[in-house]
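Quick heads-up: structures coming right below.
Presented sequentially are two complexes of chain A, the first with chain B as partner and the second with chain C.
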Partner chain A sequence: MVQSIGTRLDASFAALSDPTRRGVLEQLGRADASITVLAEKFRMTLTGMKKHVGVLEQAGLVTTEKVGRVRTCRLGLRRLEDEVTWIERYRQLWDARFDELDGVVEELKRKERVDGRKKK
Partner chain B sequence: MDAKRNSQPSPMKNRTAVERKSERELVVSRIINAPPHIVFEAWTKADLFQRWWVPKSLGLTLLSCELDVRVGGVYRLVFRHPAAPEGMAFHGRYLEVVPPSRLVWTNEEAGDNGQVTTVTFEERADNRTLLVMHDLYPSKEALDVGSGSTDGMDETFNQLDELLAGPGADDVDSIAARSS
Partner chain C sequence: MVQSIGTRLDASFAALSDPTRRGVLEQLGRADASITVLAEKFRMTLTGMKKHVGVLEQAGLVTTEKVGRVRTCRLGLRRLEDEVTWIERYRQLWDARFDELDGVVEELKRKERVDGRKKK
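Presenting the complex of A and B:
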């Protein structure tokens, strides 16, 4: 479970590195769409869009379902949340540390000013 | 000269940025409102270091903190947490010590999967420091595991994560509930 989150994160980061794919996620966040519609929206060939959707699908960020001749794409929302959550929590940990560090360095600065004055 | 006097450290807090630079690298950065030699001091003197490394909000108790800051010197931090009353240790060795601009150390609690941490303190205008902490993992898998949870540091981070996600009195209860 834990391992798979890590592996997924990797695939997700790769998937998110491309602006078109981020755009597709944004688009699917508003509504499900077929590959044809996505290709039109992003002015791409069907083949090009299929590749992008494939990467997103592998990362678990998107799921697709073929009904008849139409492949509909929708968000795999849950996984995107994991991603954001992990990095944001890590950031919060460091943010909390640095806030405390700010306090410590302020004290050191005050001390240095006082010591400097004493020396004069 | 007068302009200088106006550049008092602003009370506004600086932003912490985290970036996964590559599949093996994680980078944390932040501007600190103090010159590098002060920030370096806070990272290398045990009595100062332990005051900020474990923010009060985390609910962790630091049992001991030993930093032998010189090349080849060893550091060891031991924490206690309601879920790990026996304590959890972080330890490693300093590879580079260059006051006041650079520190490099190993993280050995996770065995061979431990990352090498490089912290640089770069002087910026107005007596400020750009602090960059760079973690390089031996493999992509090690970072994946490190960012999830297994033993040692990873476990700790996970617990820290939980605490950060839900600070407050119910932390202990929820941990107790989970282990029961």
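Presenting the complex of A and C:
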């Protein structure tokens, strides 16, 4: 299934908005793990962990493989490139915006000084 | 209200998981705007836009100020520092993990070549 960047960002940011799911990603960044092991580590029911892994899988951040009765989870191929690109672009806007506001404040201060001098 | 980094990440990643909310942030990165203007730009009801702005405000990404009947929205002071820090750390884990897997694959290929030669 090919997803648009927007849809991918929706899914990945939603996936990252939960502490357990961020924890699972960090854990899988160290070693692959079965759903059972993850459920134990995060003190959660199997059903609960399956749901979290499902959300991560949907976002392309985790892949799973079932061999016999064990489903092993590992990191997916997505390295959060689009997410970083979006945030970086936003930060550029943010910086420009706050520089602009700084400029307005400076201009107001300058005018105040000039007005102050005129009143004297 | 002081929030822990984890709670902040939950709120901000959830805020970023919606295309309208990302659009509002980009828009406010260009200029402040009233809820009414934002609702028009994103072809949405006032109530719908108020909800989105509320989520962004809760996450500290937007601040609003009501003067008379107009509520003006502007970017909040949060520059997504913690979010970038989390993602960067994750990418380091990701890189290390895939380097490790590359190593395993290389090792398997090497063994295959050695075994292949032995069989000849």
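The rule is simple: the second predicted complex is superposed on the first by the 106 of 120 C-alpha atoms of A that agree within 3 Å, B and C clash if a C-alpha of one lies under 4 Å from a C-alpha of the other, contacts with A are read in each partner's own complex, and residues count from 1 in each chain.
One rule holds for everything that comes next: contacts are C-beta pairs under 8 Å (C-beta built on N, C-alpha and C of every residue); 3 or more make two chains touch, one makes a residue touch a chain.
As the structure is a computational prediction, the values presented were derived from the model and not from experiment.
In the superposed pair of complexes, A:His52 makes contact with neither chain B nor chain C.
In the superposition on chain A, A:Ala96 makes contact with both chain B and chain C. Judged by the touch definition given at the top, the superposed model places A:Glu112 against chain B, while chain C stays out of reach. Shared-chain residue A:Val104: touches chain B; no touch with chain C.
Shared-chain residue A:Ile87: touches chain B and chain C both. Once both structures are placed on chain A, chain A residues 6, 9-10, 13, 86-87, 89-91, 93-98 are touched by chain B and, in the other complex, by chain C.
Residue ranges of chain A in contact with chain B, taken from their complex: 2-3, 5-7, 9-10, 13, 86-87, 89-106, 108-109, 112. Listing the residues of chain B that touch chain A in their complex gives 9, 13-14, 16-18, 20, 23, 26, 28, 30, 32-34, 38-39, 41-42, 48, 51-53, 55-58, 131, 133, 140-141, 143-145, 147-150, 157, 160-161, 164-165. Within the complex, the chain C residues that touch chain A are 6, 9-11, 13-14, 16-19, 22, 25-26, 28-30, 75, 79-80, 83-84, 86-87, 89-91, 93-98.
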